[in-house]
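The data blocks that follow each hold one structure.
In the two complexes below, chain A is the common chain; its partner is chain B in one and chain C in the other.
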Partner chain A sequence: MRLTDSRALTRVRQFLWGTWRQGSSMRRQLVGRYGYLVLLIIIILAVDLYPFFDALRLSFFAKNLMNPGGDRFTGMGNFVRLLTKEPLFWPTLWNTIVFTIGSVVFEYLIGLGSALLLTSRFIPMKNLFKALVLLPWAVPIAINSLIWKFMLAPNYGFINQILDRLGAHDFLQMNWLGDLSLVMPVVIGVNVWRSFPFYAITLMAGLATIPKELYESAQVDGASWPARFWHITMPGIKNVSMVVVVLHLIWTFTNFDVIYLLTGGGPLHASEVLPTLLYQQAFELFDMGYASAIGLFILIFLVVTVGPLYFRANAKT
Partner chain B sequence: MKRLSLILSVCLLVSLAVLPRGAQSAEPVTLEVWNVWDPAIDRDGRAMNEKFREYEKLNPGIQIKQTVMVYADLKQKAVIAGQGQQGPDLLHMLGEWVPEFSRMGILEDLTNEAKSWSDYAKFPQSAWNVSTVNGKIYGLPSIASTRVLLYRDDLFKKAGISKVPANWQELREAAKKLTADIGPDGKPRVYGFAFCSASTAIRGPQEFAVHLWSTGADLVKKEGDRWVPGFTPEQAAEVFQFYYDLMFVDKSAPPFSIGWEYQQLDSAFQAGTLAMAQDGAWMKRRAEQSESGNSWKTAYYPYSKAPATYLEVKIEGISKFSKHKKETWEFMKWLYSRDNDVYINQTGNLPSRLDAKESKFWVEDKVWRDTFLESAAFGHPMPPIPTSAILKGSMDSLQEVLYKRMSPQDAGKDYFNKVKAYLDTSVNK
Partner chain C sequence: MARIRLDHRLLPAVNRVFAYVLLLALIIFVAFPFFWVITASLKPNRYIITQKIYLLPPELTFSHYMTIFRYGNFGRFFFNSTVVSLSTVALSFVVVVPAAYAISILRLRGGMFFSRLILSLQMLPGILMIVPLYLILKNLRLLDTYYGLIISYTTFTLPFCFLLTQAYLLTLPLELFESAFMDGASTRQALMRIAIPLSAPGLMTASVYSFLRAWNDFMFANTFTSSAHARTLTVEVSRLLGVWGTEWGALTAGATVTTLPVLILFILAQRYIVEGLTAGAVKG
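And then the complex of A and B:
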């Protein structure tokens, strides 16, 4: 076995060296063929793998930026602290799950509803509506969030002003983002508003792949609209739905900017999610080791919970 | 031929790499400036931008590149860049960042430069103290201003209040009278007072510190070589009780203001829905834009046992990783020379330079200026240790009170314990 390996290696070496010596045209071919890969590998190493392995390393160290040179290996210390001593851990994990599931469920329902309406033959000016539906997705997240923050402001906010003018005077001073029980539904609502266009557009593409003949045959056979929806439409967009939902489960679970810009995780941590907790530890308390452990926990949690769904979705597509 | 061209290329590259910088004098030096003064929306920002262009004309080899951010982003970007051994040449900072950044090792020690500068004495020692950590100066104190009671004189007259409140009790009484103009929902349209309490607030902890100082306490103090809380749980409880009374007993602070940051507070004052606030010199700019601006007046901030206010000093530092430290220091000296300092602080912030406070803008309005200047006599800067956790902790405890999860007494104990634990585990190590 070793002999074979050694021969194979020698052959590869001879091939490469021979190719190199065979002249510039062959070299150019080699460089042309694999040069792109080298660039790609360097980019992946620099952008993905280096930060990942550095964060992995940091998660096993006590590292605070205000104590340079004081790094020390703590093994699983940061993880033990997170799981057993962090008072915010369990409420924050729960908030993250509620935010993720709440967002994805409503995004899917509204996205699917929009996609069905926009592909329906009864809707006029479809292109205009398609453009309108895309608007929230096209506006940068930061601007979206800040606009909503001002719209939801008590007293002078657009939403409360409208409600007041409609006669609901009690709502003029409603502090949507300052109410402990309302803040999470409101934050989910803003996130849904921002993200549902992605579902709508993707599901519209999925709907377009369903052969019209199926609907015509079903109609001839007397199938009702709900029956056609459950037995033709839903199976037709099952795979694309799976991919979109899985992607959004990951993106929403790791989403930082929407909540940070709207509430900063407050009030009283009522909208605190794992990414905002990580941010506080990293950039307000400069505890990079602990923050890396939180980051790694997010990754492990996603691999365990969403990972199987992701591979299933990938296999199907 | 190929070999010859290869040798020539290598020689050229080597010569470029080893030639002294002076030999490449044609290459301009670009000084990167990170600050918060936006020339697009801010008059002082435009004035500063004009000065940048003027400096470029005076020094043809130098270009100034400005990047504008809000404070939260500025801090985050400076920290991240510093960890990558990068950073701007000139970095604008809040005074409380200096102890943190100096510990991180991302600021250049400017002690020798500052002390040998002929204008060193033109800046008050109290301002230099804010940029000094363990005897080393890490920046130039560009702005030194205080917080005052900003109030609406017209609303005072309407409510029949003739005396501006001087202590907490008078503030509470005035705030109650000023809470008026009941709307169709039975709630006031104008509230007497409001404060910041967002968990990510910058201003909220500063306001809280003013209240704590005015009980006669301090945030932290040094005992021997250890830092300990400078207040008792009872003193912190007194402050939380003051907030609680305004919000729930007197109902003179808007209930929807829980979680406010400075943007909401300042906007509410400008909109006329607030009659009093603890505020800063930047509100002068808003007064000019407001119809009611002539009625905006300032007074010393009311206190409980001792007059106190926040002495906010802003610092201009040089990144440890700047490639043009010498050029940046020369530029800083020029920018904060007397006339330039006056020019770039026309509307809002009070320059730190003692001889720049007589600028045309501030001289024209002595009523505003003198309150801010005289308040400096009882102004407290933030302590020279990393304070992020201490400041954030105050807002966390305050929110516990405002959401009625804790009594003011329990919040006082909670905050005391948080500060003590932080000092023991992070500062005294």
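And then the complex of A and C:
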């Protein structure tokens, strides 16, 4: 303990002494070099750190824009209200978790399947198909959600018409986004459609880094393809997979656009997630303090659950 | 014996057919919704809201496009989206490039800490930032302005542009800069003449990304704009969703117009998009 302390102290002393001794021209140059950072530091302070600390501050205040002048400090009041008095809290948290895990699992499976297919030696014009597959991901989420709202519309929507033709069952009236038990799977499906291309493209890049010789020697040794998959392919794309999954756990947990535009959290809050709950509190009820507390809860939940994975994934690669 | 030999010869062919079938399924899965929306935007209303499936428009019409541009003021929203997205790109570029250069090439003390800070900032969800940003923009009277949107977009473009640019600069050989400094180049000259030209592909990727993120945003634009003054395309298209009934012709036309620039950018800059995506995930 003491050893490291004294070592750190010595290092600090050496650094200070060293900088001082190097004279004024060196010091001026140092300041000049830090000048390159000034603009970024100012803007990051203004648009990232200040709003963040403002959200932190707001979460301890009762602040409603409909009641100007009524701001007051409530301590943990907003958090207590969220965790104990909010009837929507547990269902919403559960929906958010289901939405996130469900999306990520299916995105990974379809993404990996597409990556394996598109890297297989049978497929010609790989770049064309790669670009095509990436399309749903590159288009605005808002537009994707509206496209699917159109596809899923009752009566004249394409999905219902096709199902109606294929099956004996009467599917025309089916209201996918208005059904209490179907709405979550459908919303997850749309989100999977939008996000799986990211997995496909990055996993393809991961697959390309696996040396071909590994497969050749495995084949010589007579390894079956499931064995090759488990012992060569999966270890080879482990790190990329980790990064993609962690990023998407964060992005999906905080995703607002998909559900807001498809269902608005309905019917009867059946697809309500924390981001849409926050949005209603902030911009329909103007309860800014409470909304900030929800936002902070989202952040703390993420930091505790996937935070360590996030930094480990970034450190590894 | 004969059967085994036959299998050996047949297996690749079977696999090939199997791969083609899967590929076809994948393409339909990915592309059909776009095809359906684009063709719908070209159909007269009676072929859109119908219980028959018309894969191709039996009759072509551009009336939905005429409607949204003439009565829906879509020219204005297109202009808004373009100005805001391009300004976001320009601002991110000017702010990020010198900083990434100073940290990764000039190896400033504290650079590691700074990179790590920015990495954590990337984890800040937009949904948490939306309340304080709204209040700040409200106090500065920047709601419903281009400036308000550009400022709020930099909250997410700056961190990832910085990380992307830094990752690219770190791949450049450091000796190049060392010899330039030996020859008496100033740090500014090294930035302008070596770092920027050599990292052009990386900067291109960062720019394309910033543009896409700004163009595609819905949440901030939906919250921070309230009139045609600064409202962007994504928000305007979503407003075509009616409470009682939706004009699907106009909506699909609007969706197509909003998607078109993304498609064009995609065709022109596909390489950078794919590269950026994999750089972000593979290199962190």
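Rule of thumb we're sticking to: the second predicted complex is superposed on the first by the 282 of 317 C-alpha atoms of A that agree within 3 Å, B and C clash if a C-alpha of one lies under 4 Å from a C-alpha of the other, contacts with A are read in each partner's own complex, and residues count from 1 in each chain.
Operating definition for what follows: contacts are C-beta pairs under 8 Å (C-beta built on N, C-alpha and C of every residue); 3 or more make two chains touch, one makes a residue touch a chain.
What you see is a predicted model, and the numbers here were worked out from it, not measured in a lab.
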Worksheet item: Taking chain A as the common reference for superposition, should the pair chain B and chain C be classed as clashing or as fitting?
Response: clash
Worksheet item: First (chain B), second (chain C), both or neither: which does A:Val105 touch?
Response: neither
Discussion item. According to the stated criteria, A:Leu261 is in contact with first (chain B), second (chain C), both, or neither; which is it?
Written reply: second
Worksheet item: Can A:Val80 be said to touch chain B (first), chain C (second), both, or neither?
Response: neither
Worksheet item: Which partner does A:Leu40 contact after superposing on A: first (chain B), second (chain C), both, neither?
Response: second
Worksheet item: After superposition on the shared chain, which partner residues are touched by A:Pro154: those of chain B (first), chain C (second), both, or neither?
Response: first
Item to complete: Determine, under the contact definition given at the top, whether A:Phe283 touches first (chain B), second (chain C), both, or neither.
Response: both
Discussion item. Applying the document's definition of touch, where does A:Asp54 land relative to chain B and chain C: first, second, both, or neither?
Written reply: second
Practice prompt. Name the contact category of A:Gln173: first (chain B only), second (chain C only), both, or neither.
Written response: first
Discussion item. Quick check on the superposed pair: does A:Ala291 touch chain B, chain C, both, or neither? Answer first, second, both or neither.
Written reply: second
Worksheet item: Given the superposition on chain A, which partner contacts more residues in chain A: chain B or chain C?
Response: C
Fill in: Contact residues common to both interfaces of chain A (with chain B and with chain C)
153, 155-156, 172, 283
Fill in: chain B-facing residues of chain A, complex
64-68, 70, 153-156, 164, 169-170, 172-175, 177-178, 180, 263-269, 280, 283-286
Worksheet item: Given the complex with chain A, which residues does chain C contribute to the contact?
Response: 15-16, 19-20, 22-23, 26-27, 29-31, 33-34, 36-37, 40, 48-51, 53, 94-96, 98-99, 101-103, 106, 108, 114, 118-119, 121, 123-136, 151-152, 154-155, 158-159, 162, 187, 191, 212, 215-219, 223, 234-235, 237-238, 241, 248, 251-252, 255, 258-259, 262, 266-267, 270, 273-274, 277-278, 281-284
Worksheet entry | chain A residues within the chain C interface of the complex | 32-34, 36-37, 39-41, 43-44, 46-52, 54-55, 58, 114, 117-118, 120, 122-123, 127, 129-136, 138-143, 146-151, 153, 155-156, 158, 161-162, 165, 172, 193, 197-198, 201-202, 205-206, 209, 240, 243-244, 247, 250, 253-254, 256-257, 260-261, 274-275, 278-279, 282-283, 288, 291-292, 295-296, 298-299, 302-303, 307, 310-311, 313-317
Worksheet, complete the sentence: Per the touch rule above, chain B residues touching chain A in the complex are 75-76, 79, 83, 100, 103-105, 183-185, 187, 198-200, 254-259, 264, 267-268, 271, 273, 386, 388-389, 392, 396, 399-400, 403, 405, 426, 429
